[in-house]
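For clarity, chains are labelled A, B, C and D in written order, and residue numbers in each chain start from 1.
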Amino acid sequence: MPASSPQAPALQVSRWFNTDKDLDLAALLGKVVVIEAFQMLCPGCVSHGLPLAQAIHDTFPKDKVSVIGLHSVFEHHAAMTPVSLEAFLYEYRLTFPVGVDQAGEAGMPKTMQSYQMRGTPSLLLIDPAGSLRAHYFGQVSELRIGAEIATLMAETQRDFVPSSSKDSHDALCDDDGCQVSKG
Amino acid sequence: MPASSPQAPALQVSRWFNTDKDLDLAALLGKVVVIEAFQMLCPGCVSHGLPLAQAIHDTFPKDKVSVIGLHSVFEHHAAMTPVSLEAFLYEYRLTFPVGVDQAGEAGMPKTMQSYQMRGTPSLLLIDPAGSLRAHYFGQVSELRIGAEIATLMAETQRDFVPSSSKDSHDALCDDDGCQVSKG
Amino acid sequence: MPASSPQAPALQVSRWFNTDKDLDLAALLGKVVVIEAFQMLCPGCVSHGLPLAQAIHDTFPKDKVSVIGLHSVFEHHAAMTPVSLEAFLYEYRLTFPVGVDQAGEAGMPKTMQSYQMRGTPSLLLIDPAGSLRAHYFGQVSELRIGAEIATLMAETQRDFVPSSSKDSHDALCDDDGCQVSKG
Amino acid sequence: MPASSPQAPALQVSRWFNTDKDLDLAALLGKVVVIEAFQMLCPGCVSHGLPLAQAIHDTFPKDKVSVIGLHSVFEHHAAMTPVSLEAFLYEYRLTFPVGVDQAGEAGMPKTMQSYQMRGTPSLLLIDPAGSLRAHYFGQVSELRIGAEIATLMAETQRDFVPSSSKDSHDALCDDDGCQVSKG
């Protein structure tokens, strides 16, 4: 792994759904990892973030690309408990593994903090060497995400020259997602 | 009110949101009442039932048409409690009054039972004389609902000849809504 | 017909499609008439104006409501000839009667001029007494149009008090339609 | 170029739009070429095929990926002449180069025949070595197309091992596109 490209921070998860065993970024080295951070009551997550994550899970070979949902609740905590999340995943037919982001300080979940996410939905792309390569907030283009995943997949079999981590896609909260704070 | 057209059953509600005072069909005589029965984790309710109810609330004069949401939970009860519903209404910017349908036998809420609803979303139209005039399950045409509401509104100022209550619109659960039972 | 509500101007049509006989507003007295003025190469007409007109045609009883398409070409005249229109109606499965608005001065078709339309799509509602009652330009709400058609239908059987003709719905050209001129 | 992967047939075009000079696959070697074959009166082309082609043109770097529209008219020839096409491209704001597929035998255009297309919309992917690598008919996933274009782009800078040409994506005509024949 090149020195200039930092390892993606570890996932801090209190409970997993849709998987028999806990997931761990270290164990996923060699694969592209797509993390979809969401809240079950975030309209933009329901209308585009989660359908995109499910489409990635359905489209790419599972031995090359791993899709992980991360339930990063930073507001209305009592409304989005694991029992509600479980029914939500069932009713919306979401089948990829989903972890509950561990509660942290000031209501901000720990993984969300360590990735400095701006809100939900956030989409993270991690390359086969374990480095964070893209970080989006809000609605993203399927065409572009498909291209970026394929580009990272192609790095598996060759020498690897990292690009620097992309800046977050600029987005407002309204229709697209829920920001942590507008300040 | 004509003998042939039965009064709509009373709402049995354990708690109200988005209103200062409890609502009561008897107090709404003289207005068209639109009831949208839903569950907050029913995908068809989120994608079309509730946006339609909000559009009706925003489009028609409030002194002529009253829109009421009814949270009729018949599955995943622990996942859809009032505290979750409150956050849901806030995040989805639903501003019409919403009542929680009272828990009944075998997990079926009481108002849902008295109207013999097939599932969620269900849309009910009650005329100014208090009679149930239409009852839909699943996705409905905005054009048709707009026409039916206007037709009932026109009955306010003239002699009133009821039609018989319509049969439920036939619908499958999948994309459109959640049926109580397929048996 | 009340003096205050002007009769809708006659249609000036050079050729009809989807009908055996020419249509004439005078012969349609007693019915609500919905006129959808469009151009076959106007994106807003294709994406929402014409689907709405077809839905009205499919939803309302044909002995009460008559839907008429009006091909009002005010730009790219050589590109939208009757032979192109005929293929367009076939490929888009539009089944209501469509008239070609007669060529007029300065490239503006005659009916479009007599109704002072701002562009395409424009939707006109004419009541059973033959008066123009609503005139929209651009995208319109299906809920509202459904209500307005039903309100006009209800006037057939009772004394008739006209409202003044509505102002055009304000709309910009971009996604919604094509304006005659922005000046 | 590997023997197993045939060169993509030359484009046979009678007229170009949106470009100063004629295009030629031979001159595009080294780039990924995306060909969108369409008819201006094909509803599936208008609703998804052409917006996808425009999005590819807008998303990928133009020195790496070349998008070409091909107006392959196999029905209603008199309705879709170049003068109509020119207005269509203007009104729909399509900015990538578009060639008119040369008229051939039995109403089938020549390029469409040489690629054995099933109808419109058809999307073809040609790799930097000039070989046809994918051929779709009907609606395609943006996620998948984005990934396939990026995979072909990555072949530019390394040794090139062709895959065999993909089978056509199976699709029915109805909403997705227009088939040449169902026989």
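Going forward, a residue touches a chain if its C-beta (ideal position, glycine included) is under 8 Å from a C-beta of that chain, and two chains touch if they have at least 3 such contacts.
Since the structure is predicted, the reported quantities are computational estimates derived from the model, not experimental observations.
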item: Fraction-based call for chain C against chain B, same above half, different below; value: same
item: Centre distance in Å when chain A and chain B are each reduced to the mean of their C-alpha atoms; value: 37
item: Inter-centroid spacing, chain D versus chain B (mean Cα positions, whole Å); value: 49
item: Mean-CA-position distance for chain D and chain A (Å); value: 34
item: Sequence positions of chain C contacting 2 or more other chains; value: none
item: In contact (per the touch rule at the top): chain pairs; value: A-B, A-D, B-C, C-D
item: Chain D to chain C touching residues, read off their complex; value: 41-43, 46-47, 76, 78-80, 83-84, 86-88, 90-92, 178
item: Residues of chain A defined as touching chain D within the complex; value: 52, 55-56, 59-60, 141-151, 153-154, 158
